[in-house]
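Several structures are given next for inspection.
There are two complexes below, and they share chain A, which is joined by chain B in the first and by chain C in the second.
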Partner chain A sequence: MILNIESDLNRFRNIVRGKVRKDLKKYMANGEMVGKQGDKFVRIPLPQINIPRLRYGKNEAGGVGQGEGAEGEKVPGTGHEAGDQAGEHELDAELTIDELAEILGEELALPRIEPKGAKHLSSVRDRYTGITRVGPRALRHMRRTWRETLRRQMSTGTYDAANPVLVPQKDDFRFRSWNSKTEPQSAAAIIYVMDVSGSMGKEQKEIVRLEAFWIDTWLRAQYKHLETRFVIHDAAAREVDRDTFFRTRESGGTLISTAYKTVDAIVSADYPVEEWNLYVFQFSDGDNWSSSDTKLCMEMLQGQLLPKLNLFCYGQVESEYGSGQFINDLREHVGADERVVLSKIAERSDIMQSIKEFLGKGR
Partner chain B sequence: MVEAFFKRPPRSLPPELEAERQRIEAIARAAGLDIFDTVFEMCDYDEINMLAAYGGFPTRYPHWRWGMEYLQMQKGYEYGLQKIYEMVINTNPAYAYLLDNNYHVDQKLVMAHVFGHVDFFKNNLWFANTNRKMLDSMADHAVRVRRIIDRVGESEVEAWLDVCLSCDNLIDPHLGHIVRTRREDDVDPPTDSGRLPASRYMDSYINPPEFLAELESKRVALEARARSFPETPVRDVLGFVLEHGRMQKWQRDILDIIRNEAYYFVPQMQTKVMNEGWASFWHTRLMTGQLLTDAEVIDYCDHHSGTTVMRPGQLNPYKVGIEVWRDIERRWDRGQFGKAWMDCEDEGARRDWDTKAGLGKEKIFEVRRTHNDVTFIDEFLTPELCRRIGLFTYEYDKRSGDFLLESREFDDIKQKLLFSLSTHGTPRISVTDGNHANRGELELTHDHEGVDVQVQWAETVLGNLARVWGRPVHLSTRLDDKTARMSHDGDKFLYDGPKIGKQGNA
Partner chain C sequence: MNLADELDQKLRPGVIAVAHPEGRAEANVVDADRLAVSVRSLRVTVAERSLDEAIAVLPEAVGRCLGLPLHVAEHAPTLGGAVLRSPVDASDREFYELRTGGADAELKRWRVQPAGREQVPFTLTRKDLGRLVSGLKSR
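Our next item is the complex of A and B:
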């Protein structure tokens, strides 16, 4: 049956997309969708889209219910939203990551990323297209098996057309089997680096979390295969998982070079430059302990890191403790490099702008 | 015919269900149900969700809200929250849909239930004026809207549909049953003064000043009424606007379609409790009487109790309906009606009252012919019944923001119930002046029954009405016990009344 509903459904999806587009800045700043991210879908809470009608105020009327309870007790199941008016629920609209990235791209005018050169992974996929003579019973290929049986019985003269009984023997059985196929795949890795020293507060971390969500969304739509790694540092650096990354808060000083060393180690170990598009996003409040360490950082960037990367992004979140000097040092030494993007994020509403700066280069 | 709607060959019942259908139909007819021929169509769950989103009709005009409802229905099904058991539409022949992966016992239950509905559609007075060819009309509406879209463009038409739909509850639910007769005082204002002929010396006796003053005031009133437009308030706001509003032809055509469909669904709203109760009453009667096999009893009980379950704080029309129907049958079987019964105050005597009148069956068929929900509850909900099914009223508590159980008094419950059944959440609004201030503006008046309108929505709706009417629109109402007036000229909303709170309630 061809469903008429398809076109109505598409119209509705367009309306949802329109709403998200309209309120994108709001969504980017308050992170409502971030927690509801699935593998392929993002759930977006929308107030149910209703056709407005002249009605009674929902709380005014009260109503008649059924069940147990004494006078003055709270009516179970009514909550704050009940009343006899339908359709006060929230609607959970689902958008695919791709759709969300498309909206993001259009709204921020982000250029598509051209994967560079021959950088790709070869991935091996197994497809059940082959036939073998041995295999598990569950994978029996009935038609082939009967055909072999028929062929054998006819050639040995045991086939009787008047009484067409086929009895397969061991050699007649055929089984489905897989063929391996190599498929090239454009692949990218993001390494997030964050300063977790005492000067980074809760709000700063939240900004980083939101930034990371949108960066993930965009890059995931650009590359078939995307990996993310997380590095935190204060005076020393270590690699952590996603959860820890956004939760950890340490105290103490800051040595940014330690993080760069860790990043370099990760890249050398797991991401050969010829196969991977590499991205590093660093977030910090711009406070480094010593100028000698800053010098070391610049050397490492120019000498080892930058040549391997598609993009190095540095986002400086404002905190009341940091001096904010590091962004100036970066601008002075590597600011001219086209692989480097520097952005200041003073507060949540700047997230949109900084994403635009980071991803606006199309690299 | 079905192919044209479904775009696939019809899937009639498999043989074993067809046999059941014939048997159930014969039993239903023998039990006294008077039904249209009923076509059952097998559907998979995607199709049934689609049909449910479309309100049971396979072909509707294109609109996004069908898509939204479909999506929600699908979610509900996937999460196992809701499952549509039966859907039947009021046409002749009636169409009903069966979900193909239901249990056999469910299919029987659904068929018996459907026959109950069809009997009700065919015989209840409130359905007497409904269009029994609505399947065709809906499809025809769809074609008309699609043609307009081809001519005018999709977004224009969609925006206009949204506008029209937001006014589609401003109709007169009793319109189909009103026979207009000439009013007694429907006379032209007199051209002369009305002074009685008298010779001069008798004049002050025949035409005293009081008499002359009364004549004058009558004349003024008549003149005022002749000038006013409409002469008397019109509740069918949509019809009034359709006739007199300034809009393009295609817009009028669409508004006409929306109004037409809105009126088609009115009787179903007016008889929800009765209708669901009646169908449940009959599926129980038929299933437990003759249809069930021993093996099916448990599943049947499980599913029947699912439809009549009482969720705390909610009113289940199936449950209330079936209880009232059973009570009517029992009371008339035992002669518990009439003056003697009403006068009897001895509880024991009332409990054991049985005159062996045996009029139950006759009575329920009579009631299903003439009543709607309001009169049904008004006449047949008794204090005993009310107590037995545990009804109560609740009220919104501003302090805690919760709904609190207010009362278990019969009179309170009945009043609340009747109020909600007669309004269905829609305020009673009429056109009182179609030429307000002699500037062609539309004046609406809310007949305030104690509950205020929701102001934020009123704003949007007035804006939409102003677009349909083509001139500014005003609504006079009461908020927080003070007069309030809202106006919209299509661009700007003006409000004059008490301060409005966050919730949109005054």
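Our next item is the complex of A and C:
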């Protein structure tokens, strides 16, 4: 019986996975899934039943008010009252973040990321694998203690099989002991940077939010230890929490170099380059305030930032006013660098392609 | 003669600049004939006008001349400037952009292209150009 239930469950899971895979582009372009994200699971709304619709037939049986009955007469009811529960039109299916990342990777043909060789964090894990003769009472190993007692009593002839009483002495006690094992652990940090100047509208921010969710999902499946930091900027930059990152809108101008300075400060303070795999994802509409600031940005990228990063991804999100110049400047100055990926995102449907461009290098 | 009249008298293809006690006007003229003029950019500088003052008066004064509302897209006092834009015209996907640092104001027109923005000239009657110069120097 259990086997039947498990096979049914597996079948259901496969249907869900197939459905998600089929509609991945749709899920990537709308925010339903993002809003239902938990720590380990993502809830995905799957359409279950079709909502009934009225269809007009041929108008052969008269129209409204053509039948029997007098004006004001009540229409006989069926006796049933209106329901007070919402109609159930969708089924929420749960997928783990890892399953979702796997589907994303398969569908976009993303290569697994190979962390840079030297970039490892060492974590020390204690495992109780040894036995010692001394130790705290809390770590007494009773079975080994009884065995030692039995061995001693048998060898000294004090063991009576008819009356098998074991009395441990001090030398019989055994205790658990631990070994500390140093395990290398790949660690990564993502720093998201967003332009929140007046020219970045609500829709542009929503595109960034959706894209960040999918990037997070993929990288979280690649690294056991992932940290995420958020930087917003207009004419000045500052680090913020996730919620502020996606909600803030300023009216100021755009000075991208201020964001690069903040990112560099975060990396220098918290992420030694030899221990961390570092990713920067920057989103802007590309309207930097001045060409002199753009020049400064290029100098900072080439001289300070890029040498520290696994990947620098720049997504230029178009507004109704089109796309700014910054992506062209990046292409001209650092476009040839293999750590740099540039992507234009005109609308929500471009998110899938953009993620493929960002994460397709396997870095 | 005022600043607009001074500019009107010198209109011909090329970059034309005129100075007047009211201020200074500079137009990058693509073409000009008896009735109309096509310009790539028009810049007017006045002696004294703060950024806040410019933001307060220019949307109304210039928007009236263009027949389009202008809104402040970016206002950056720390950078000493602001960017005002008109709505994007649905038919040709073009819009006006006005950059001001307070005392100066420069008007351009852009076309939204898949590859980016392209600056395009805009055509006005000489009379409307005169009104626009007056609008740009409003206080």
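Please note the rule applied: the second predicted complex is superposed on the first by the 255 of 363 C-alpha atoms of A that agree within 3 Å, B and C clash if a C-alpha of one lies under 4 Å from a C-alpha of the other, contacts with A are read in each partner's own complex, and residues count from 1 in each chain.
Convention: contacts are C-beta pairs under 8 Å (C-beta built on N, C-alpha and C of every residue); 3 or more make two chains touch, one makes a residue touch a chain.
Keep in mind that what you see is a predicted model, and the values were worked out from it rather than measured.
S.K.: Contacts for A:55 in the overlay, against chain B (first) and chain C (second): which applies, first, second, both or neither?
M.R.: First partner only, chain B.
S.K.: Using the superposition on chain A described above, determine whether A:132 touches chain B (first), chain C (second), both, or neither.
M.R.: Neither chain B nor chain C is touched by A:132.
S.K.: In the overlaid three-chain picture, which partner chain does A:244 touch, first (chain B) or second (chain C), both, or neither?
M.R.: neither
S.K.: Give one of first, second, both or neither to describe whether A:302 is in contact with chain B, with chain C, with both, or with none.
M.R.: A:302 sits against neither chain B nor chain C.
S.K.: According to the stated criteria, A:10 is in contact with first (chain B), second (chain C), both, or neither; which is it?
M.R.: first
S.K.: Is A:73 touching anything from chain B or chain C once the two structures are fitted on A? First, second, both or neither.
M.R.: In the superposition, A:73 contacts chain B only.
S.K.: Which touches a greater number of chain A residues, chain B or chain C?
M.R.: B
S.K.: Jot down the residues of chain A that show up as touching in both complexes, chain B in one and chain C in the other.
M.R.: Shared contact residues on chain A (touching chain B in one complex, chain C in the other): none at all.
S.K.: What residues on chain B touch chain A, complex-wise?
M.R.: 6-8, 46-47, 50, 53-54, 58-60, 62-68, 70-72, 75, 158, 162, 165-170, 310-316, 319-320, 389-396, 398, 400-408, 413, 416-417, 419-420, 423, 425-427, 429, 451-455, 457-458, 460-461, 464, 503-505
S.K.: For the complex, give me every residue of chain C touching chain A.
M.R.: So the residues of chain C touching chain A come out as 72-76, 78-79, 81-83, 85, 88, 93, 95, 110, 112-117.
S.K.: Looking at the complex, which residues from chain A come into contact with chain B?
M.R.: 1-5, 7-15, 49, 51-80, 82-85, 91-92
S.K.: Any idea which chain A residues touch chain C in the complex?
M.R.: Interface residues on chain A, with respect to chain C: 197-199, 234-236, 251-255, 287, 289-290, 320-325, 328, 346.
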